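Shared between the two complexes below is chain A, which has chain B as its partner in the first and chain C in the second.
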Partner chain A sequence: MKTPVIRHAKEKIATALLFLLALFAALLFIMPTVLTISNSFMTEKEIMANYGAMIENATEDKKSYISEDLNLKFIPDSVSLAQYSSVLFKSPDYLLKFWNSVILVVPITVFQIFLAAVTAYGFSRYRGRIREIIFFAYIILMLMPYQVTLVPNYLVSDFLGILGTRWAIVLPGIFSPFSVYLLTKVMRRIPKAYFEAARLDGAGEFQIFWQICLPLCRSSMLSVGLLVFIDYWNMVEQPLILLDSEEQYPLSVFLSQINAGDVGLAFAVAVVYMIPALLLFLYGEEYLVEGITYSGGVKG
Partner chain B sequence: MQESNLKRRRHIAEGIKSWSWLAPSLIGVSIFFIIPFCVVMYYSVLDNPIFANFVGLQNFIGLFSNSAFLRAAKNTAIFSVIAVPLSVILSLWMAFALNSKIPGKSWLRSCFLCPLMVPIASVVLVWQVIFHYHGTLDQVTALFGIAPVDWLKTSWSYLVLTVMFLWKTLGYNMILFMSAIAGIPRDIVEVAELEGAGGWYKFIHIKLRYLSPTILFVTILSIISSFKMFREVYLLTGDYPYESMYLLQHFMNNTFNSLDYQKLSSAAVLLAVVMIIIIGILFLIERKYGEDVEE
Partner chain C sequence: MEEQNKNAKRREHIKTFLIIFLALLLVLTFFSNTILNYSLPTVSAQYASYGTITERVRGSGIVMANQKYEVVAEGNRTVTSVSVKVGDEIKAGDPLFVLDASQNDEAVKEAEAAIEAAELEYQKALLTAVPDYAKENQEIAAAREDLQIAIHRLNAAKNTTGKISDAAYKQATDDAQKAAEHITELTGYLTLAGSGETDGIPAAYTGGLQAAKAAHDAALDALEQAKADLEAKKAALTVTSAEQQATIQELERAAETAETAYARAKADYEANTQDITLQRAMEDAEQTARYAREDADAAAAALTGIQAQETAIAQAQTAVNDAETAERNANKALNDAISGVTAAIQRDMDAANAQADAAAAVLNAYNQQGSSGEAMDITALEDAVTQQERTVQTLLITLAETQKADELTQQIGDLDLQTKQADIEKQKAELEELKKNSGTVTVKSKNAGVVSTVNAVTGDEVTDGMVLAEITLTDAGYTVQFSVTAEQARKVSIGSLADITNGYYSDLTAKLVSAKANTEEPGSSGKILTFDITGSDVTVGEMLSLSINCSSNSYDCVVPSSSIMEDNDGKFVLVVRSRSTPLGNRYYVSRANITVLASDETNSAVQGDVTYSDFVVTASEEPLTPGKQVRMED
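Coming up: the complex of A and B.
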């Protein structure tokens, strides 16, 4: 026979254990981020002392590093802004790459979301066999690894004469079906009564879309936008294949080259690169969950 | 007569209106994905684009005797088969475990979402330090007297890949599951309890059933991210990683660079077929399992 007191205590212990487990997992999840940020305040000398072996290996000159071991070091010996000042003032290259990323990713995100909203509205307001088949085709397309669409992409860009320019990345990006899928899922959960009511009030289809559907999907659009932004902010394959010159490369591709060369700066560049994503995350974190799960239903 | 004509006209107008919502996207998708993919299918049965002789399945047969393709396909398959289910199951388990009241939930949630948001290129440096020869992992294993290993260059390297994948996907998957779990109607669970259902029965027949749309959704997201792990591998090791990390994506990128369109298009078609089969199976399972709860 268990007394309530014992049971209560047991529950408390279980909660504490779970909390510790969660805390441990949480620490693992944020560790690389924290490490990147803290290391960005180290001097180049300190970076070389701790991570020298890694770089020298990359350049195959194995004599000059100080220690064979790599040390994950969380706290810099002294806080220095040297990395940042080199990134921001001495090598404008990085800022240029950063700008390259921005002008690729922002148009893709904005237009993809808007187009997806329109398309999703078409998929959710009108149903039918052909539409279901097309929708399934979108899902398949969405799941294809980029490499499957790589040749098609290349062929079209070549045909349209946009190969080597940013359009070759931006245009297919805008038509990517990923956000169509998510937004259709969300819009199909909006009760039909909402639309019917608006219809009876004499609203046209576009008005219903603009004034009823979009406001209801606001958080979903934000969260899908976040996911799309992050996805393209990370792009690696497209620039390598579709762009002509390295001058057009976004920072995502360029960072891998820094890792091999300028490691003294790499952490600061990584942080600069992280900033837009983190800012968006802080702004939109709430939506990331609520906007995408369709278990919560629509909050009117 | 006139009335039916009017009706038909209205019907057509309605049809045009309904399709006009889809038109812009359909046109774009056709131009950028579907039509060129048909061209790729056409390429996959030719000997080369210039002479354009029909060779049937010869390109596909050639693929299966290409050792680089076989290795890439094997690595990719092993990685996906291990990583995707592991991520879904682990995150579901963690979601159930953490669903109870624990303090600091919103802080923990932010931490869990962090890997999703942090750009890959920013984190790759840290992975490098951890898995490098004489890196952090080696120092930890050295405490147990294990000789240092270059983790990115062993025949088990896809496990490293799996670790990076789990790090990246677990948090978000778990949070999606947690919010789905919160949406399971309490009263149904309570009725089942009253009727004497055991914990296992409740889990299989009620909870999993209600979660099945979310499970499908999370699986889809995980499959997509598993293909995108190529980016991590690329940023870590470049075009030619150690052979156990050589993925289909490497194969295709490299064939692309060597302009071997036949090999490439037949590989693309093959991959597309495999994907369609996998997705079809997933949807069938979901339809069968969760049919009476969805929407």
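Coming up: the complex of A and C.
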């Protein structure tokens, strides 16, 4: 029989090992972000010196770099705001792309939350065989990767005559099974007594939805909105396939094509692009935790 | 509760920050285009277009004189003054330098005196007596005479072997007497024959002579007769055949004239047979024509007689000539006969002389015999002859030896003379050399021109042959040369005028005179263009930049020459490309590789990645690289 001291020691060691593992994993995940931020303070020459071999080999034959070795460099030789200066003052194209992203993502997020809330209310309030089938279809759809629905999306957009416009991204984006599923789960947790009380007080269905249901789901909606925002903020495939003009592309597309663009600006642009998502996350951090907790909580 | 407030406050901050961030980005987006435009390099650009390029071939060369004249120093001297400087214009005969070498004057005088002495000695040697052998020859002649006498005596002694008798002596005396008389007689005949008086000479000598004389006289008579006959015939001929022919011609013409007149009169009459006047006129004319014809015929008949007379005269003349020839032959035969008489007399004279000599010899021998009383010793006489022969031989040998010795002496003397002459020549050459290096000389220009270089300054020691100055001959013209590529050379034409592009020259013209292969760079296909430069402003050594027009051609794509750049990959221009953006057109420069086909002062015709409608960058605020965004000039 082991003594409590030994057991205590073993637990401590295990904890330490787990901590180290977690630390390693955390470092692994945070490293790209740190690298992006630190490299955004480098000059273009320094970036070419460190990553030129990778970038230029992928694009052109002409060589303008010295070292053949790829060098992950975290600390700049001399801190420079040249990249930020270029991005903010001399790159209207990139700023426009930023706004392109905003123009695409904000309507999707807003309308998707609204529609998801309405749909989820329906799913949570009404029961029956048809509802179950539809809900099941939603779940199936949710489980499918986006790429599966891309072709139908393309065909439908073409049919509707919106291919090549922002509507081709916004409209499909508005309808998202994931948000519906999550909000349905949250709404089902709301006690029925609340709705019945309201009905007894003479409230109509919309009033119940708007004044009872939505305020109770606020944190969940915010967390869903946050997830949707981040999801679409980073979209790449949809603009590439559904938009014709490069001028309509969001900044995320440019970041994915960093090799072909201005390498010297890429890191600063990435940082700038990161800021809204980060601020939104910080803003809705609590709601996010709260909302997800609700959705997987006690069945109501 | 406090926790919730804290969270709410944090969210507020974050929200504020997000709003500020977005607002900032919005503002920056609004102004970023403006900021960008001000940060872009401004470029000037213009369209490439169709156009005509008049190409020019350019080059620079140094003005060279076609002919130069080098002023060369004679002898080793010191420069005492320099009268010219570079750039001076001089005429032929202008003094250039004064060179001095007076320190050598004394040596020249000494050398001249030495030459005079040597020449005197040479003249003296020439005057040495020419050898004279008159005395020796006289002696030899006397010895030979003695030898002849001795031989004669010996011969006489040999003929009269034995003692000469008194009878023989007497006979000899008679013979001598007769011979003398005969000789006297013959001498008289000879005198007569010489004077032509042959009558006194006996017929024995003059037999042929008489016959010759008779023949000569007969020939003379015949000649006289022939001459008389000729004169008579000549006198009989009053009119020559030539005169008669002239007369005949006149009469013929008169007859023809009369006949023509008759023919006309006849025609007139036949036209009007009733007119008696015409009939008479016709009859008169007929009579006149008949008489004239008769006269002409008579004259023609007379001509035959005259010609017969002339033939007779010619025959008489031939007879005279023959008679003269006969007379000459007869005269010659006569002279021969006279000579034959003289020769016959002379032959008898020689015989008489021989006879007299023989008699004289006998007499002489008798006389000598008489004195010695004995017969002549033939051996002694032979010895005397031998002795005399030896004497002659000895004298001849002596003379030959003397001559030989004299000849040798002469040859030695000749050698001495040659040596002396050579010495004199050598001394004279040295004197000339000395003279070159002595005295003060003024070096003058032989030609008119411009002084291009002066190599000596006052005080310099110059050596023989040293170039003191170079003079460019203004009359011979000036030349500029430079090299061009073979392609450029093909574009220019000989005789065309080039523009002078550096500096302003009032009357300077450059004319292309030749394009020859560049021999200074073997293997290159380049050519050397040669220009004749004329004008008053020409300065040798000056650099002239020339530009010569080539032919004009039209090209599809002409761009300003200032827009063409060149790097390791070749020539290129930067073309402005526009890209449409939501914020309007953006302009980028892209590289277009080209080949320059032709160029003039400002524009170039190009071929390559640029077309005539492209916007080509002509100027930029800062260096451009392909792909760079630019701002167009307002």
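Keep this in mind: the second predicted complex is superposed on the first by the 262 of 300 C-alpha atoms of A that agree within 3 Å, B and C clash if a C-alpha of one lies under 4 Å from a C-alpha of the other, contacts with A are read in each partner's own complex, and residues count from 1 in each chain.
Please note the rule applied: a residue touches a chain if its C-beta (ideal position, glycine included) is under 8 Å from a C-beta of that chain, and two chains touch if they have at least 3 such contacts.
Here the structure is a predicted model, which means the values were calculated and not measured.
On the shared subunit chain A, the superposed partners chain B and chain C are arranged side by side without overlap.
Once the two complexes are overlaid on the shared chain, A:Y283 sits against chain C while remaining clear of chain B.
Put chain B and chain C next to each other and count what each touches on chain A; the higher total goes to B.
In the superposition on chain A, contact of A:E247 is made with chain C only, not with chain B. Of the two partner chains placed by superposition, only chain C is touched by A:F98; chain B is not. In the superposed model, A:A116 makes contact with chain B only, not with chain C. By the touch criterion defined above, A:F267 lies against chain B but remains apart from chain C after alignment on the C-alpha atoms of chain A. Of the two partner chains placed by superposition, only chain B is touched by A:L21; chain C is not.
Once both structures are overlaid on their shared chain A, chain B and chain C have a minimum Cα-Cα separation of 13 Å. Residues 280 of chain A lie at the contact with chain B in one complex and at the contact with chain C in the other. On the chain C side of its complex with chain A, the touching residues are 7, 10-11, 14-15, 17-18, 21-22, 25-26, 28-29, 32-33, 35-36, 39, 581-583.
Chain contact summary for the complex, chain A toward chain B: residues 14-15, 18-19, 21-23, 25-33, 35-36, 51, 53-54, 57, 68-72, 115-116, 118-119, 121-123, 125-126, 131, 134, 137-156, 171-172, 174-175, 177-178, 180, 185, 188-189, 205, 226, 230-231, 233-237, 240-241, 251-252, 255-256, 259, 266-267, 270-271, 273-274, 277-278, 280-281, 285, 288-290, 292-297.
Across the complex, chain B meets chain A through its residues 17-22, 24-26, 28-29, 31-37, 39-40, 43, 94, 97-98, 100-104, 107-130, 132-136, 139, 167, 170-172, 175-176, 179-180, 182-183, 213-214, 217, 220, 223-224, 227-228, 230-231, 234-235, 238, 248-249, 252-253, 256, 261, 264-265, 268, 271-272, 275-276, 279, 295.
Against chain C, the residues of chain A that register as touching in their complex are 88-93, 95-96, 98-99, 102, 247, 272, 275-276, 279-280, 282-283, 286.
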